[in-house]
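Labels for the chains are A, B and C, by order of writing; each one numbers its residues from 1.
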Amino acid sequence: MSAELLQFIFSGLTAGAIYALVGLGFSIIYNASQVINFAQGEFVMIGGMATVSLLAAGLPMPVAIALAVVATVAVGIALEKLAIEPARGASIVTLIIITIGASIFLRGLAQVVWDRNFHSMPPFTGDTPINIGGASVVPQSLWVLGCTVAIVAALWAFFNRTRFGKAILATSYNSDIARLMGINVRFVLLFSFALAALLGAIAGVLITPIILTNYQVGVLLGLKGFSAAIVGGLGNPMGAIAGGFVVGIAESITAGYVSSDYKDAVAFVIILLVLFFRPQGLFGRRGAERV
Amino acid sequence: MRRLSQARTGGLLSLVIVIVLLPLALDNIYHYDIVIRIGINAIVCVGLNLFIGYAGQISLGHAGFFALGAYGSAILTGHYSWPAWFALPASAAAVGMIAFVVARPILRLKGHYLAMGTLGMGIIVFIVITQEVALTGGPDGMPVPPLTIAGTEIYSETTWYWIIATVLVATVWLALNIVDSPIGRALRAIHGSEPASSVMGINVARYKAMVFVISAVIASVAGSLFTHYSGFITPSEAGFLHSVELVTMVVLGGMASTFGAVVGAGLLTALPQLLATLRDYEMLVFGAVLMGTMIFMPHGLVPTIAAMFQRWRRK
Amino acid sequence: MSLLEVDGLTKSFGGLSAIESLAFNVAEGQIHSIIGPNGAGKTTLFNMISGLYSPSAGRIRYSGRDVTGAAPHMLAAAGISRTFQNLQVFFNMSAIENVMVGRHLHENRNLFATLVRLPAIARGNAEARERAADLMSYVGLGAYVRVDPGSMPYGALKRLEIARALAAQPRLLLLDEPAAGLNPRETGEIDQLIQKVKDSGVTVVLVEHDMKLVMNISDRILVLNYGRKLAEGDSDEVRRNPEVVAAYLGAGS
């Protein structure tokens, strides 16, 4: 494999890991509530921006990261309590507008709390590139990949090995039956927003040292994460992860070999192709439509 | 029957009266500017409402059609010196063709998938416009020649007011004609139940494509008018946020209510102007207003107020 | 003279057959009932005849033409109309508008005429409304003309679907459990209504659990069990068939 290609694959994997984490957030919330949370990208933005400002306030990095993640989770919980729960049973269009309203609100809030400028954050462990098979990789990329793998493993264990994780899965299959089995469906819903916010915040903390951040950075990241979730099959968490990497690698290969101008279009072209030819997602199973 | 036809002519008449009397309340160019922008958004929303409110579909990409119409007119008049009155229908026809081609595959999708498909389509339009710098001026946008009527270039806000008002009334009239017809009932039936519609002989795919194309062509015409009015066009007109604004206007005013679409366009166009005094708090308040209205009035303003009025009358 | 001929019809979902190698004919002008326990595949069969599902194998011929896999709106244009077991009422429209939609195929659907509102459109609307009102009285819903379906009782909604299906002026009418959830008096009214429809020359295929209704009005009865034909004949033959008796007693109904 040429060093050049390897280079593109590494940058694709790094971006893909972030899309995967955002896509996971979409899937988890969709499973629990059939809601598409268009404010998912804003969790990424808040995670990054909060870390940047806490670092600037003089806190050590681990403390700043922990506080930023906690703050984002609090925002996720507030969003569910104040905007989603009161609108239960509303139509899809209404729910889409509510979460888009929430994303605009959170961007406005970030603009007031912070500012409109771009901010940077130092990498976790220096910025001397490492040579891997001829490709030069910044250490932060390895942090992104390593943390994503760890998070996916932890989530897998949580959903398959713990009682509460299984209860959440049960709710996603059939919330009425889950309720009869004594699962607190409302709490599952709240928890799924907290979990999605947690994933978004971590993605934000991981990616900010590589890209710059500002109050608008969540818009495109959110939409690409949504693409990842659809490519993988909406509501299929493992599919969202695979979808994230598919989108990330396709993007960086297009940027490298075709045109960097159209890099951002790749995710949406993939989306349209998947929706037209395999609407259940690359990794979903086709269900029979019942009348 | 009598009730419906009265609502039709009565509503259209009220709209015309408001439009004729409104200039009395407009005392400067800034006011005219806001009202003209309301009119342009209202034209798009009346068309989009046929697709979203009546046929029960969703589009997060209609800003793409608006921008295609706008850039079509801008490029044909600016680069190729076409007369504006040829460029407008030519752009609209091209947009109609594009909408027709994407309609079949995209309209098989439902709910969130349809939202994502139309969103992707809109964003691709946005990226193409941003990247094709030689043709579109790229992210900085491009200047657009003015509209001419009988050899005179139109700059005056009052003339534009009457142009937009005429197109708006015509669009509302066409939309009302569609709604109160076998085609309109077919669209609402598709919203109610696709299987039942199809066994009643309604060609569901064909009607969805038809209303998608109609709404896209209307958006394109509004885009062409907008581009000549503002004299300058930037890619943000194709942006995701613009698509969201258009959908929100439709839903805020009230789905499946043609006059609701006009009211929604009015409120949501005027709101940012009012909020502009809040400066940094503008987005914050705008987002909160969106969430609040959708949570407390999920059916939109006009149907909610109409229901309140009926309850009050019954008492 | 057979209006509908079904031959070797099979529909499977993910390896499970809901209908398997089914063959039967429906004679024009008759009431042909299809009975069988829940899950016997009756609704799946209707969905294939009306074009909502395409069969996995087999043929459907209607009025001498092969219509296997044809789109629902094409079959509707050929004269097949139906009601649904789980209601598919247009709840976003008024009751009479629901019935008007049934007239879709007989209305002026020209886009140009609609956009400029030629007088024919207004005339057509008035005529459709009038005929829909007549049909609503015909099925006994005269009192509900101005009402929203959301506030109509279940039995009335069932009849609203019948009126909507009749508005299409079908040659073949598929009724999916029209008496489900009705009290005995209402069932009696449905009985008379179906007879009336038959007398007007419409062929009726009826899926129904109410045995009294079925035995009363059917010219011919097809018994399904697990997607296969268990028996076929007139009501006396079916009643005497030992396998039918066993299946029904076995199923506990």
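To be clear about the criterion, a residue touches a chain if its C-beta (ideal position, glycine included) is under 8 Å from a C-beta of that chain, and two chains touch if they have at least 3 such contacts.
Nothing here was measured: the structure is a model prediction, and the numbers come from that model.
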- Which chain's mean C-alpha position is nearest the mean C-alpha position of the whole protein set? B
- By CA centroid distance, what chain is farthest from chain A? C
- Note on the structure: The distance between the C-alpha centres of chain A and chain C, rounded to whole Å, is 48
- Message: For chain A versus chain B, what separation do you get between their C-alpha means, in angstrom?
- Response: 32
- Could you please state the distance in Å, as a whole number, between where the Cα atoms of chain B are centred and where those of chain C are centred? 41
- Query: For chain C, what residues touch not just one other chain but two or more?
  - Reply: 52, 84, 88
- Item | Multi-chain contact residues (two or more partners), chain B | 195
- Send over the residues of chain A in touch with two or more other chains. 291
- Query: Can you list the chain B residues touching chain A in their complex?
  - Reply: 52, 58, 60, 105-106, 108-109, 111-113, 115-117, 119-121, 123-124, 127-128, 131, 195, 240, 244, 247-248, 251, 255, 280-291, 294-295, 298
- Task: Sort out for me which residues of chain C touch chain B in the complex.
- Result: 50-52, 71-73, 75-77, 80-82, 84, 88-93, 97, 100-105, 107-109, 111, 114-117, 121-122, 124-126, 128-129, 164-165, 168
- Item | chain B residues touching chain C - in the complex, by the definition given at the top | 1, 5, 56, 174, 177-178, 180-186, 188-189, 191-193, 195-204, 210, 256
- For chain A, which residues count as touching chain B in their complex? 30, 36, 83, 86-87, 90-94, 96-98, 100-109, 111-112, 219, 223, 226-227, 230, 234, 261-262, 264-265, 268-269, 271-272, 275-276, 279, 291
